[in-house]
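You will see chain A twice below: alongside chain B first, and alongside chain C after that.
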Partner chain A sequence: MSRAALLVLADGRFPAGGHAHSGGAEPAVKEGRIRNAEDLAEFCRGRLHTTGLTAAALAAAAAHGHDPLALDEAADARTPSPALRTVARKLGRQLMRAARATWPSPELAALARARPRGAHQPVVLGLTARAAGLGPEDAAHCVAYETVSGPATAVVRLLSLDPFEATAVLARLAPELDRIAEQATAAAHGTIDALPAACAPLLDITAEAHAAWPVRLFAS
Partner chain B sequence: MSVQATARINAVLDSRGVTSLPVLESDGPLALRRTRAANGPNARVTVVGAMSAPLGGDRLAIEARVEEDARLTVDSAAATVALPGPGAAAEPATYEIRLDVGERAGLCWLPEQLVSAHGSVLHMTTRIELAPTARLVLREEQILGRHGESTGTLTSRLRVHRAGRPLIDQQVAYGPGAPGGWDGAAVLGGHRAVGQLLVVDPSFDEKCPEARLLGPTAVLTPLVGPAVLVTAVAPDARLLRRVLSDALSDVLDTPAG
Partner chain C sequence: MHLDHAQHGPAAVSADAARPDGTRRALRIGLGGPVGSGKTATVAALCRTLRDQLSIAVVTNDIYTREDAAFLLRHAVLPPERIQAVETGACPHTAIRDDISANLEAVEDLEDTVGPLDLILVESGGDNLTATFSKGLVDAQIFVIDVAGGDDIPRKGGPGVTTSDLLVINKTDLAPYVGSDLDRMAQDAAQQRGPLPVAFTSLTSEEGVGPVADWVRGQLAAWTA
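This part shows the complex of A and B:
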């Protein structure tokens, strides 16, 4: 594996469109559920252990070499919210463009052909990691980190939270991020049906409301 | 003393067009009674005996199979309360529901609430196989703690396959020892009642209800496939039931197609 390739893929400036998304933090701020750094930490921790684990395992499984179309179907079954399915596919399409320009591979090309409107983002990320010579654990780390870095960055803007505090929240989550990546990687060696399916009711509920807001700072 | 028990139900359509129950096996604390169905030719079974279970260490299961064209409703007489086992070193309890619904058959699975009492540890799994033309209504309600007490530990996985393909797969985990953040702003946000209503109906292939909010903490979402899922959290069991009941009559009263 190439540690530098992992940095390129995990870089927030990698042009895959993730910066436009708050990961459910925008509605949580509006409803008063996130008011400070402590609330942000609990939000991020909850997201990491639920949809974060599920997405990291899908990515690790794609990097491991499971059938990406079967994983895409598994991702649908793990995403009851149509708003979140749309977001996942849109982010998948954006990542696919960046990935094919960066690390062209026949597997990426085949998935782009089979899912022209975008596959679920974690599946694309897993295949991208594969194309970049990275492994399942690298893919899981990337996705797990995105799960919490998106909301943390968004809350800095939404609450005018001190960016140092937001970064400290992420740093304190590092041991849990490692554990989630480890769990996701272990699960990737099993069957697709047995992949984690942890979910977060409030994220599913608020995603639909948020998608209908006439004016919002973030796309999701 | 922990208990291992598997109750079984098999529903078939007999030659008169009435659903009969050639298999109706109670086991241990899981007592099954045939009760009067709201709709004549359908069958209804009420689980009457789960009050004293599951205790820590118990391994309970219910298996129900609804054969081609048959119609079955399963409900329960009272809430199921997960309690701690005797002794400090009790194992977690497990409760498995396995449901199989055949072609043109219908199953309504409408148990009362599952209450996670303080100190209990329960792992629940629900696995459902649906034929392509099967119909399903399933309600799940989880209440975290009895009145005024803190919750036990509860994990629950719901996995539904339709025509052999995954339709919905979700796992939740709450309480002491559950992965972090379960009570934070992403997951429960302090709510103590959480529930789901799943309705699978092949006629949704023609016209499926659209996503809509059912209040500030409840949403109806169409799945990929002819199915909708209602996801709701609420401060207590009564408010949760109201949301799910309204949603159910709403979905069933809206003829599709």
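This part shows the complex of A and C:
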């Protein structure tokens, strides 16, 4: 594996559309559940251990070489909120564009042909990692980190939270990120049906409500 | 197979001049500029002036609402299926310059659903004087400022004022009321921009957008030549 390729893929400036999404942080801020760095840490921890683990395992499985179309269906089955399924496919399509420009591969091209409107983002990410010469554990780390870095960046904009505090939250979560990535990687070596299916019902419910807000800063 | 998977070809990887089926894609023109300078009004006036001759679509990038798209819909400058809103996560300059993926999806979706198109106008959310469009997203860009925002803006420069393909100085009808010196703005703009064109507009009359529409026609002639 190339450690530098992992840095390119995990970089928050990788142009794949993530900047417009808050990972559920915008409704949580509006409803007063995130008011400061401590709340942000709890929110991120909850997201990491639920949807974070599920998404990381899907990505690890794609990087491992499981059938991406079967994984795409598995991702649908693990995403009860229609709004979040739409978001996952939209971000998957955006990532696919960036991935095919940066690490072109026949597998990415085949998935783009089969899912022109976008496959689930974690599946595309896993396949991108594969194209970049990275392994399942790298893909799992990328997705686990995105799960918490997205909300942290959004909360800096939404609450004018001190960016040093927000980054410190991410740094303190690092050991847990490693553990989740490890679990996700282990699961990726099994069958698709046995992949983790943890979810966060409140994130699903607030995502549906948020999608109907007339005025919002983030797309999700 | 899912119902939401329309089966047409995969999106182009980059901003190639040809669409995946080999046909030439629409000319893409970006409009940026500070909040309130008249970007949406310019887009609306361009659509009204050009829609009978050209097949047009618009992508809006609002900061936190869908106001600009709603304005265009309310004024019925184009049928609703020709207007798409992109959400920018509070960073309009990111969506038009650093991470153009959402905007590229929007322009390609418009070509797929309402094409063939001659022209796509991509309007940025109101931003500061440094906001410019990526060359991966648009073929040419217009920067819209107005006389009421201060007649020293052309002198101050910045990437939008100095490098845009067309600088529009809007609301010239307000100049006497806000004490803006149009001659000075023209001189300062020429100093900053060298040979790049500047258009003075007042959109209070329907012909007001004329100089911009003429410039767009010129760009389109060069694109299809």
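Here are a few things to note about the model shown:
One rule holds in what follows: the second predicted complex is superposed on the first by the 220 of 220 C-alpha atoms of A that agree within 3 Å, B and C clash if a C-alpha of one lies under 4 Å from a C-alpha of the other, contacts with A are read in each partner's own complex, and residues count from 1 in each chain.
Keep in mind that, in the parts below, a contact is a pair of C-beta atoms (placed from the backbone, for glycine too) under 8 Å apart; a residue touches a chain by one contact, two chains touch by 3 or more.
The structure displayed is predicted, hence computed values, not measured ones.
Applying the stated contact rule after C-alpha superposition, one finds that A:Pro15 touches chain C and leaves chain B untouched. When the two complexes are overlaid on their common chain A, residue A:His120 makes contact with neither chain B nor chain C. Legend: residue contacts after superposition of the two complexes on their common chain; A:Ala154 is shown touching chain C, with no touch to chain B. In the superposed model, A:His64 lies in contact with neither chain B nor chain C. Of the two partner chains, chain B and chain C are each touched by A:Asp76. Contact with neither chain B nor chain C is seen for A:His141 once the two complexes are overlaid on the shared chain. Residue contacts after overlaying the shared chain place A:Arg130 against neither chain B nor chain C. On chain A, the surface patch touched by chain B in one complex and by chain C in the other comprises residues 76. Residues 2, 4-11, 13-14, 63-66, 87-91, 94-95, 98-102, 104-105 of chain C touch chain A in their complex.
On the side of chain B, the complex with chain A involves touching residues 157, 159, 165-173, 179-189, 194, 211-213, 216-219, 221-224, 229, 231-233. Looking at the complex, you find that chain A touches chain C at residues 13, 15-22, 76, 89-90, 93-98, 100-101, 104, 109, 112-113, 115-117, 154, 157, 214-219.
Contact residues of chain A toward chain B in the complex are 24, 28, 31, 33-34, 39, 42-50, 53, 73-74, 76-78, 80-83, 85, 176, 193, 196-205, 208-209, 212.
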